């Protein structure tokens, strides 16, 4: 076989494994979220479909989502409305490209612009959200989309600033190199401030409580995806949960040594650390009330950005 | 694909609300947006509809539109005998059935001059206060939901379930009890009920209440979301005839329990919690502390609970004559019943003074100038039950 | 310094909140898995009004006096007294229907009854796909009471 064909087949294989994992991971995360929230709230959660612990609920949810009626509002902006879920969904999947799952293992972990790619692609979700809000021709959706724009702009910057500290320490934008640089110690210790900024900004970036203003179910019904149902709604959910997983994986890689760890194989360490962050995000979601839009922007611009800059300053001074 | 919208039409947007709702030009190419919030909105607590005029996300005007749950209590009460009206009054403020029944039953007792046995009086206090706790627990949960925290809701419901098991044991129903009768109570509390009640009060004071404070009320986000929002001045509160925690949140120390002493509340030592600034936070704190005060009253009342009958001798058919207005302090404020009796077994005219209806008037006043998110918090802090607003 | 104090206070309040949810997550759920686990109903629970039977004679206690129907606030009780061919009243119900689709289980009919013929049973699972099925006639009402009473006589409190 010619070399390019091998490379192409290899890429297809990798992509299909990654996609299969993403799909299964999504329904697992939905189930996990339901279970975690249930236990926090003295409930049992999914229970009836499949024993033990309602594990078949995973598939029941997925089937339900696929088979529900796809309702389009009469006054919607057809194409914008229809394209929005895809636009929101694609970057979520794309981000898997840079995840370092193990030493030289992953879709493309040694991508030398990894973190730049991260910030570029993750902000792409914003287009999907805004298209959804605009295309729905619904006032709640529009408000949700407006909020999302303001919010994601405000939190993209602290996120990048927080990541910069790590980049300075590792001297590389590639996640592969950053993880390898943490063989001896985790970057969370020198970069604790950066980690806190990253954590807050990442949760805001993910649109999860306490920063779920774009959805804000008690204020805006369901925000930008009020008018969506069935599989289109599912694609937004897919984007949300896949982003949650990706962000957790990146947090684990940047600050907690990624796949580095004793005894267990690297992939296991990667998954353990990632799911620990996923659980942390869920724990936070089911504990805190929602912040208000002006406070959210205050927190982003007036607190996280200065702290992020301060962190870079300190890191720079230490490096010098 | 079009990036411009058609200009706002020059038609009346909401015929029911007349020209109070219209698109206004704010200058500089900006227009207000009219948004209908409810009646199927997640945080309008039932079927309230608020027609919002928004400038971006800032509320320019908020007009509540009510009547979706109208059940005609007043007319029904004129066609039923007094005893038959009791289960209907349950359904006015369905979260505080006992205080509703109490208002009606005591009004009829006032008319007919029936003396209620002491044990029934004290039991009525215990049940009213327990009802106040359940109602405030539900308020706490839904207020958490309004602010985007889901967990407090289910934690509050866990505590509330404990309460409702107590109600179930004593009255036979969980929600709409039909427990009070003209002249007393339907039945005495079962054996061991008092111990269960004290167990609940213990758990509320020791575990639930501090947990709620830590989980939600002391949280920095909660404080920032509620402090300085929806400020109701002392004067406005009085002028709008607000009552209950809404009034007390504005610093007016007024409680029908103290003012009228319609049940022997003066035997017990308890405080009326009041706020200072009249904002959402103060109203919330008033309710939180009222739970503890109610617990305190229950503790003392249980000690003073005498033996004896719970029902006075009441003739089978009551035919009073005269008119009466009786008010009690419900969890949401002053619940009043006005009856005109013309010597028949049913009232000639009945009127229900609903605290929620009166407090809801405050919404346009409180909401103006705040964000949509604050509006939700304000609606939550007024603590309306649409069943009672519409009656 | 006050800024740092504020941050410390805010962070502390957030952590304290998480401690509460952590504690909750380690507790056992309070859910009653209803069809698998039965709710523990107390003795006087009002499920629906039913007709009592005199177990010695096998006849209903009801004398068809109609007081329950008159005391019912929502008019769900229909009583017609049985008569023989001469028109003599037999003091027992020919028809005794309770329309459970509208009944609000207020207990007033039980209190109105001077012959101890009505009782509130713990029976609460009366949901049906059609409203006419919710109109219970006297045989059904007596049957529910017998089931409920048999459990009670055996010492149990559940329906």
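The first chain written gets the first letter, and so on, giving A, B and C; residue counts start at 1 in each chain.
As a working rule, a contact is a pair of C-beta atoms (placed from the backbone, for glycine too) under 8 Å apart; a residue touches a chain by one contact, two chains touch by 3 or more.
The model shown is predicted, which means the values in this text are computed figures rather than measured ones.
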- When you take the mean of every protein CA atom shown, which chain's own CA mean is nearest to it? B
- Could you quickly compare A-C and A-B and let me know which has more C-beta contacts? A-B
- For subunit B and subunit C, what's the span in angstrom between their mean Cα positions? 26
- Task: Could you grab the centroid distance between subunit A and subunit C? Build each centroid from C-alpha atoms only and quote it in angstrom.
- Result: 49
- Task: Report the inter-chain centroid distance for subunit A and subunit B in whole angstrom, where each centroid is the mean of the CA atoms.
- Result: 42
- Query: subunit A: which residues touch two or more other chains?
  - Reply: 40-43, 286-288
- Note on the structure: Touching two or more other chains in subunit C are residues 14, 17, 20-21, 24, 30
- Which subunit B residues reach two or more other chains? 151, 155, 158, 215-216, 219, 221
- Task: Name, in rising order, each residue of subunit A that touches subunit C in their complex.
- Result: 36, 38-44, 47, 283-284, 286-288
- Going by the contact rule at the top, pick out the subunit A residues touching subunit B in the complex. 37, 40-43, 77, 79-80, 139-140, 143, 146-147, 209-210, 212-213, 216-221, 286-295
- Note on the structure: The answer for subunit B against subunit C in the complex is residues 80, 83-88, 151, 155, 158, 161, 165, 168-169, 171-173, 176, 178, 186-187, 190, 211, 214-216, 218-221, 223
- Message: Could you list, by residue number, the parts of subunit C that touch subunit A in their complex?
- Response: 14, 17-18, 20-22, 24-25, 27, 29-31, 33
- Message: Under the stated contact criterion, what part of subunit B meets subunit A in this complex?
- Response: 1-2, 33, 35, 41-43, 56-57, 144-151, 153-155, 158, 215-216, 219, 221-222, 224-225, 371-374, 376
